[in-house]
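Order of writing sets the labels: A, B and C. Residues in every chain begin at 1.
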Amino acid sequence: MFNDRTAKFLLLAALVICVGGAFAPNWIVNQFMFGFSRALAILGLMVLWRTGLVSFGHAFYFGLGAYAVAILDSKLGVSDVFLRLLAGAVVAGVAGFLIGFIMRNYRDIFFAMLNTAISMVLFGIVVKTESLGSTDGFAISASTIFGLAPETKYPLFVIITLVGLTAALAVNFYLKTTFGKLTTAIRDNEIRVEYLGFSVAHAIHLKYTISTILAGGAGALMAMSLGQVDPESMINWTVSGELVFVTILSGPGNVIAPFIGSLVFEVLRTYAFELAPQAWQLIMGATFLTIIFFLPGGIWSLIEKLGGKKNEK
Amino acid sequence: MRNSSSILQVRNLLKTFGAVVAAKDINVDISQGEIVGIIGANGAGKTCFVNMVTGYLAPTEGSIKFEGAELVGLGTRKITHAGISRSFQVSQVFHSMTVSENLMIALAIANNRGADALGLMDTPDLRSKLDEVLKRYKLEPQKDATVSALAQGVRKLLDIAMAVVSKPRILLLDEPTSGISVEEKFDFMDIVMGALKEDGVTVLFVEHDMEIVERYVSRVLAFYQGEIIADMPPKDALADKKVQEFVIGKEHHKKKK
Amino acid sequence: MEAALTILLDGLQFSSYLFIVSAGLTIIFGVMKILNVAHGSFYAWGAYTAAFFIGKFSDMGLPDALGFLIIVAAAIVVGVILGFIIEQGILKHMYERDEVLIVLATFGLFLVLEDIILIAFGTDPYFAYQPMALLDSVELGGITRDVYGMTLIGVAAVVAVGCWWLLNKTKWGTLLKAVIFDREMGISMGINVPLVYTLTFIGGAILGGLGGAYIAPTISVAPGLGTEVIVLSFAVVVVGGMGSIAGAAIGSLIIGILRAIAVHELPQVELFVVFAVMAIVLVFRPEGLFAPAKPRKI
């Protein structure tokens, strides 16, 4: 699990980031927290994309994770960071597993649309429900770690980084198993995979569930980082679109890519909003088109070209 | 014809698509180790037969028994697990991956069943099996080439090699030499049949080229309009009046020199 | 009784503008196999353009009746210009690529166009109520309704009939149906498919723009217009069957009336019910209720 270049890089990078975070100014720490939270969801979407599937509705699971934290907080007073994270991932994962029974038979545009429909059902419910905060959402109390309430964001930052590290290592390993190697095979030729003796439906179900667990965890972490939840920035179809955007921006080549792509996205968004709030969507859309046309392998393919890191499939 | 050492028993197979009868009264026994050629004009029912035996199509009526067990209703995956594989007329391979990667996937699926599928795929054991297949099918020179860049002939070899790694007991090849140039056909079939002979696989292959059929098979099944009109050794089949009229037509007479 | 009539008329009005927009979306999908996310932008641009000029003309003291002309003109201008630029500039280069990738590209376009609206028109809402005020209101079955809202139903009917006539009674329609059924056959039959694609996209864009332009006088035209309508259009097109105008009509009716009922009887489910129907249709009949027959390819 630890003997390939990707794993070694991940471990080193996590170490450097954790240590560096202790000395970095708040705004940098925040960028990393938001970026790495989102990166978890991107990791899952990347696995689906490698299989040839694009979901335009993963904000459903992201939102479930976030709102699970919010509800646990407001109704049960749960503030422990690990419980919150677990809740987010489990709620989303169970939903994903159940929905996966249906979803695994869909492809292409129908797969994308069914996910959209389900996510908008949740959006519709939350937006109109007072007790769920409707359009305003609600705030979340600060997270505690083993009962202790930290003074700064640093401990949460470290936890998010370590969670990201764990997820990346796990997915990296997964992609080297028979199940994982089937991503591109299924995308290339499903019929052959069935004929060779492997159930494509089972494989897709597993990948879908993994992606929903990750998205739920991402939502939980994001909720904790932000200190609040609201439907517009967490469940609406535009959020699903953003997740897809970052997935394409990052590229499918390596588990490191989602983290780089998510950071780039955070930085881009922060600066775009500061310089020209009217132009954020324009920049995002134009970047999207540029990647689709000129760099379909995303940022990671650029990094590979520059020769820095070897692509480990 | 009723043979106790037959491993494949087809009885009264019927396939209709609405008013169209694609297959009718198909009764055949195949013995272990036979090499059978399936001939017939386009649309005669050959590929339909292959699709039914391998579980891609369900017959309207009839039974297909493999070593006594009923295959009808099982589906392609279970039939592959049972020991029957097939290759495709248009090679069905993973075009964005290399030849080695294609074979590794086939080997992994065949060897890593159930929970094993969650273990690492690239193991020394699988690698040595890969080397063996590459050698058998003379694919070593192209082992790191991406499939989309390969010639048709190599792709078909790969297609067949992938079907064989699960060590099937029956292999159905659907027009293995179609798309391969006339000069290369025999070399191609020599490689394939040579490799298959080593494992003692029972082979049925659909073929249009009668010279290939004569050279490699011990028995011919001739199809016409969904029915088997002849079931005999190749020399007899080619001399049979019905086969000549409905399958070979005048072309073969022109070819014979 | 009055409540039922209100729901019916609200539902029909809502269905009407949804239909106009969705007809464009579905025809683009049927012919080009592209699910055009940017369709929401045509709607928004149509609304903004119409609202802007209605306001300007009114300021200049010109007769309010010109508003109707502006609406149609706005739809055509938006459809032709944006449709042409997008199809020729971006989509034309992507026809060989994966259909989901094309959808993602249209999503990118949607984002770009949304912000250009902000830059061009600003963030303040526009109120172009003049055409609506002009037509005043009328008493119907005990309730008061704007005449303008009812003309919307008329416009939708005209669009529906127009599409039906185009597809079934003209040579163009036959060409379109051929391309919808099988693009390659169309090419081999000598149909100028690239031209068909361009004209279809522009036509669809005009319909999208018309939906927005016509609705503009009844709402406050503000940022975010396109975001909501596009996903409602998806629901319509999914329910009705992608590529079928009849499907778009039925889908719009179902969704429009359902939503009207929800708004009046149970507001909490207003959004939820639309997407629940979309999800149910996708699960039990993914092609939609009226999908055009697909040829079986071996």
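Note that contacts are C-beta pairs under 8 Å (C-beta built on N, C-alpha and C of every residue); 3 or more make two chains touch, one makes a residue touch a chain.
All values derive from a computational prediction rather than experimental measurement.
Chemist: Could you name all chains that are in contact with chain A and with chain B at the same time?
Modeler: Looking at chain B and chain A together, no chain touches each of them.
Chemist: What is the chain whose Cα centre is as far as it gets from that of chain A?
Modeler: Greatest centre separation from chain A goes to chain B.
Chemist: Could you say which chain's mean Cα position falls nearest to the mean Cα position of the entire protein shown?
Modeler: If we average C-alpha coordinates per chain, A lands closest to the whole-structure average.
Chemist: If you average the CA atoms of chain A and of chain B, how many Å lie between those two points?
Modeler: 44
Chemist: Roughly how far is chain A from chain C, centre to centre by C-alpha average, rounded to an integer in Å?
Modeler: A distance of 33 Å separates the two centres.
Chemist: Just curious, how far off is chain C from chain B if you go by their C-alpha centres, in Å?
Modeler: The computed centroid separation for chain B versus chain C comes out at 52 Å.
Chemist: Taking each residue of chain B in turn, which ones touch at least two of the other chains?
Modeler: Within chain B, no residue touches at least two other chains.
Chemist: Under the touch definition given earlier, write down the residues of chain A that touch chain C in their complex.
Modeler: Counting only chain A, the residues touching chain C are 54, 56, 102, 106, 108-110, 112-114, 116-118, 120-121, 123-125, 127-129, 236-238, 241, 244-245, 248, 278-282, 284-289, 292-293, 296.
Chemist: So in the complex, which bits of chain B are touching chain A?
Modeler: Residues 54, 76-77, 80-81, 85-86, 92-97, 104-106, 108-110, 112, 116-122, 162-163, 166.
Chemist: For chain A, which residues are in contact with chain B within the complex?
Modeler: Residues 173, 176-182, 184-185, 187-189, 191-199.
Chemist: Could you please specify the touching residues of chain C with respect to chain A in the complex?
Modeler: Those residues of chain C that touch chain A are 35, 90, 93-94, 99-101, 103-105, 107-116, 118-119, 123, 227, 231, 234-235, 238, 267-276, 278-279, 282-283, 286.
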